[in-house]
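The two complexes that follow have subunit A in common; it is paired with subunit B in the first and with subunit C in the second.
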Partner chain A sequence: MSTLRLASRLPFETRRKLFLLTLGAPALVYVLAIGVGPVAQGVWYSLFDYSLIHPARRHFVGLGNYAALFADASFRNALLNTIVFSGAAVALEFATGLGLALLLWRDSRFNQICLALLLVPVTVTPIAVGLIFKGLLEPDFGMIGYWLAHWGWSDPRGLLGATHTSLATLVLIDIWEWTPLMALILLAGLKALPVDVLEAATADGSTLLQRFWMVILPLLLPAIFLALVLRTMDAFRVFDSIYVTTGGGPAGATDTLMMLAVKRGLQFFDIGAASAIGNTMILCLALIASLFVLLIRRADRLANGR
Partner chain B sequence: MTKRKPAVGLLALTALLVPSGVFAQAKPYAGITLALASQNDQFAPVLAKLAPQFEAATGAIVKVDIMDYGTLLTKTTADFVGHTKGYDLVTMDIVWSGAFAENGYTVDLTNWIKRDAAEIDTGDIYPVLMQSLGGFAGKQMAFPFAGYANVLAYRKDLYAAASLTPPKTMEELVTDAVKLTDPAKHTFGFVANGKTGPAGAQDWMQYNSQMGGSIVDAAGKPVINSAANVESLNVYKELFAKAAPPGAADYDWDGREQSFRNGTVATMETWSVGAPGYYDPKQSKVVDTVAIEAAPSAKGLPPRYGVGGWGMAINADSDPKKQEAAWAFIKWLTSPEIHKQFNLEGAGSFLRRSEMTDKDLLAKFPFLPVIATTFENGNGDYRPRIPQYPEIQDLLGTAVNAVLVGSADPKAALDEVQAKAEKLF
Partner chain C sequence: MLATIVTLFLLPVAWLIATAYKPAAAMFTSPPTFLFVPTLDNFRKIGTLYDLPSLVRSSLTISIGSALLSLLIGAPCGYALARSRSRWALAIAYLFLGIRTVPAVATLLPFYLLMRDVGLLGTTAAVILIDTVLNCAFVTWMMFSYVRALPPELNEAALTDGCTLWGAFWRVDLPCVRSGLVAGALFSILFSWNDFLYASFLTRLDSKPLAVALVTAYGTYDISWGTLGALAHVALIPIVLMVVALNRFFIGGLVRGVH
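Moving on to the complex of A and B:
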């Protein structure tokens, strides 16, 4: 009773705020517990020399883990590989995905069947994809790799075994697997475009190319943003397909940040260094996402005047 | 009649009680469930198959959880560090004993082994296995149950066609391998793991030891860029360039085994555990032409046979009653009778001297004398069993692979590993 009386004495605005806060509280608690908490803990761990195998050695090192990482050539190599892999894979997947989405836009039975078949690679787990390609591309007895090496179309060590082709091959495997997802997101965006605007553009006598550049692409920007951010985040964390094919080799040519983080964290149990790598990845992703937001907003303003 | 009723009742009661009393005594661990984390090696399915027999004998249920090497290490370490008692029994790789001993993850079995020495018949177990598959700095962190010998597998037909005999020294192995290589016929003299990571590191460490090199000195400190090691890596690089299949620099155990089993390779060193597979027509094209010999060492050196394998360890956090049952399981599994059955079922995991002369086992595995020679004269020291081993192995894996694909010079690569390894101590 007393609480109620106290509440009734509060001004309406305050009560309304309290009410809204109470409604939002469960979601807030959830985000804090599941999202913010672990990240904060990861940041905290990264400030320590902390190994699960040598718990007695644990001590505060400040930014020492980060300094050690950036001084380490293998980390810089992994960072560069990750950026090259994500950049190349996402750009090519976007170009091919957009092309596929445009081809499948018209709602025919044939297109629906094509779409269903196209989605098959997405449903295979990346580990299986990696193992299948590893078997196919093996230069001494792989179904494809043997002939590529035999005809001199690949290095004798095979596409995955040569330093100059291994990362590119992994990009191609990623493209094979994830382009359909890109196409699906963009296709959903295309299907949601306002038909009247497109019809008006056609009635105004615009060419196909004009319609694409001046109407379709600007209206598709939100879907493009979603597709790019989702895929970049995924590509940046690439692990499974590399782990089972090259293991980061040859000579570190396919080592990525996630490979390094898993090695440090789950093989050496060096929680401090692994957390520092994880946080660097989060920071990189945040930067990339902000860059996308800026670019898309700018493009949106230029094209749509919003 | 009325007088006899209680007597009959008593008899019936006794009849009911006696067997259950015997039951309780014969099954001292009834009601206990032991969780066993097992490496996915050849012995794993056999462990799972034999577990019900242990239950029938003692009442304890053994649940065998089979996983790959990385998962096993991660899951069990997490279990030890978090004191979550998820596993009571853990298969332990030879190289983990240092870390396990330093942190007291598993029960030190020294006193139990002493107490039950007669029952175990410790004299029948190869000392090298007892010492290397669980022994560390005077402690026994695991009990050996799966001893592997590093052996030389070669193709009799290819050696005979080239009028060569199997190599007795590393120098012969190298020259023979080059002679037996003919890329036009897709035949290669040699194969080993070249892939970055544990695969490449472990194979090179084995050959390095046979060529006279060593990863750590007598005090256990790294001497990775020693002259002997640099020289052996140079030879290894030549061997890969001149005699191995082109893809070998990217091979791990699977690729290496496949290339031998499908008949493209003349010589390969390997763990004895895989040897039964070469004689199995379902898995091998070299059934009639394969032979197993002891691995060679450099000219003038005493034999440096490599020993590896797995020990069974008991989680130090487990309840005392479970630890007791787990110890009973280890004794049962490694007892002459059960361990023979274990191997007849295809575990490929030898342990006892008596197994090497057992008629049934010899009939099935004709290469047992080679394993016996290796166990009598070999050691498990080519991979140092120190707590820093995982990091050193990783550094070596990257360096060896970089040398094999021509991205680094052997001396420079090993200098870099040495500098990084020193920081770990």
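Moving on to the complex of A and C:
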């Protein structure tokens, strides 16, 4: 009670600050301890030659793990696969997502139902998405895979079993799974466009295509960059769908950074190397994020202020 | 046009659901057939192959536990950050946004070793703890953007009327951002229910959730898709129905939560 009475004697602004601090502190402490803590520890581990199989042989190697990674062909392959996968998936998802968002733009009962149903691919467990397509594309009994192999449109081992088609097939699976999310974010951007500007453009007598290029697209740029950055960062970390379909194979054709880090760390218990891969990914993601933040700021200035 | 596209997005899931009613013999015909006599064999089979109550219990414990913990600590924090006049507030809000972009492997390894040392490895508690980092960061950011859109005059008027700071927060501001709370809970439940990577390495046989069991449904016990389809009824349908039914909150949260 005495602390309460003391608190009530403090000036209002101080009490307000203390109150907000009390509300905010638990989450901040939690995230620092259980979120940021392990990241910092991962940075520390990456400086050691540290394997759980021989924990006693742990010793400091400085940046040795990173040097070893970039000299390692399988890491360079995984990095390349990750970049190709994210680039291709996000570009195609953007093209189809924008088309879908334009189709859904008009507010009608039918469009609202379509919108709700489009949430299905986004909410289905990602691991199940991989399994669904593995089943459909299976070359011997799969609904799609059988016919593709039968007509000679795919390798006899199936689309996922051949080195030259497996990564592209995973891109297609990703497109199925995440195009609706891209469309949703772009649609939200479309709905937030200023109505008077759109009406003025229509009154000008410009064609639909002109309006799209000259009015809608420039105003939509902030939403576009936002959708792109979110999807790029997620695609860069893709794991579930690859893990259950190809596991990184055949012959490393679909190995991504995430797959490689999980294999090194949680299957071979090479903590040092796996941490180094994880940290390289954090650096790449930070780079992607800051690039897009710069683009979003510029687009915002172009769209809203002179 | 739109109807065709939506059908394309639904067909693969419909296929998985349909395989559950397909007899094993119809699964391995070449060429594959669309026609079959429906059977409930696959549902009987998953009843004997899996400890379904345990799987459902783990999935529910993890998703609801993490959602509650995230709301409990994340919602007040998002509110505090939105109302604070400190210049640190925005930086901290961005920290919460940034933590969500860290790839799971980077935190999973040190966290795995930490859980091993404190003896929580193999429990649903370990998964709740790590899931809550991401979920709480999401809820915080979401509350931050919802509260910032709320006029502060509401809170000031309540204080002038003699409300305590707590009362103005709990009885005036919080009810105004109810849809944000629902969206935060929805995203937390969805993430934890669907998460595979954390759960597969942090749980054991008796504590694994449905998402981890799905992977073993194909190939471990038998090589038919029927068991997977049957298990998908339990693992996918509840979560998909929940999100589709609450799509208004989901889409609203998505739009606010990512900005």
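Keep in mind that, in the parts below, the second predicted complex is superposed on the first by the 254 of 306 C-alpha atoms of A that agree within 3 Å, B and C clash if a C-alpha of one lies under 4 Å from a C-alpha of the other, contacts with A are read in each partner's own complex, and residues count from 1 in each chain.
Rule of thumb we're sticking to: a residue touches a chain if its C-beta (ideal position, glycine included) is under 8 Å from a C-beta of that chain, and two chains touch if they have at least 3 such contacts.
Note that the structure is a prediction, hence the values are computed from the model and not measured.
Trainee: Contacts for A:213 in the overlay, against subunit B (first) and subunit C (second): which applies, first, second, both or neither?
Mentor: In the superposition, A:213 touches no partner, neither subunit B nor subunit C.
Trainee: Going by the contact rule set out at the top, does A:36 touch subunit B (first), subunit C (second), both, or neither?
Mentor: second
Trainee: Which holds for A:266: it touches subunit B only (first), subunit C only (second), both, or neither?
Mentor: Both partners, subunit B and subunit C.
Trainee: Does the superposition put A:188 against subunit B (first), subunit C (second), both, or neither?
Mentor: Touch status of A:188: second partner only.
Trainee: Tell me which partner A:153 touches in the superposition: subunit B (first), subunit C (second), both or neither.
Mentor: In the superposed model, A:153 contacts neither subunit B nor subunit C.
Trainee: What is the contact status of A:70 with respect to subunit B (first) and subunit C (second): first, second, both, or neither?
Mentor: Touch partners of A:70: none, neither subunit B nor subunit C.
Trainee: For A:140, decide between first (touching subunit B), second (touching subunit C), both and neither.
Mentor: The answer is both, since A:140 touches subunit B and subunit C.
Trainee: Tell me which partner A:60 touches in the superposition: subunit B (first), subunit C (second), both or neither.
Mentor: A:60 contacts neither subunit B nor subunit C.
Trainee: On subunit A, which partner touches more residues: subunit B or subunit C?
Mentor: Of subunit B and subunit C, C contacts more residues of subunit A.
Trainee: Please report the subunit A residues shared by its interface with subunit B and its interface with subunit C.
Mentor: Comparing the two interfaces on subunit A, one with subunit B and one with subunit C, the shared residues are 140-141, 266.
Trainee: What part of subunit A is in contact with subunit C in the complex they form?
Mentor: Subunit A reaches subunit C through residues 15-17, 19-21, 23-28, 30-31, 34-39, 41-42, 45, 100, 103-104, 110-111, 114-129, 131-136, 140-143, 146-147, 150, 176, 179-181, 184-185, 188, 226, 230, 233, 236-237, 239-240, 243-244, 257-258, 261-262, 265-266, 271, 274-275, 277-279, 281-282, 285-286, 289.
Trainee: Quick check on the complex: what are the subunit B residues that touch subunit A?
Mentor: On the subunit B side, the touching residues are 70, 73-74, 77, 81, 99, 102-103, 186, 195-197, 199-200, 245-250, 252, 255, 258-259, 262, 264, 387, 390-391, 394, 398, 401-402, 404-405, 407-408.
Trainee: Tell me, which parts of subunit C touch subunit A in their complex?
Mentor: Residue positions touching the partner: 1-3, 5-6, 9-10, 12-13, 15-16, 19, 27-32, 34, 73-74, 76-77, 79-81, 83-84, 92, 95-96, 98-99, 101-114, 129-130, 132-134, 136-137, 140, 165-166, 169, 190, 193-194, 196-197, 201, 210-211, 214-215, 217-218, 225, 228, 232, 235-236, 239-240, 243-244, 247, 250-251, 254-255, 258-259.
Trainee: Tell me, which parts of subunit A touch subunit B in their complex?
Mentor: 52-55, 74, 138-141, 145, 149, 156-158, 160-163, 246-252, 263, 266-269
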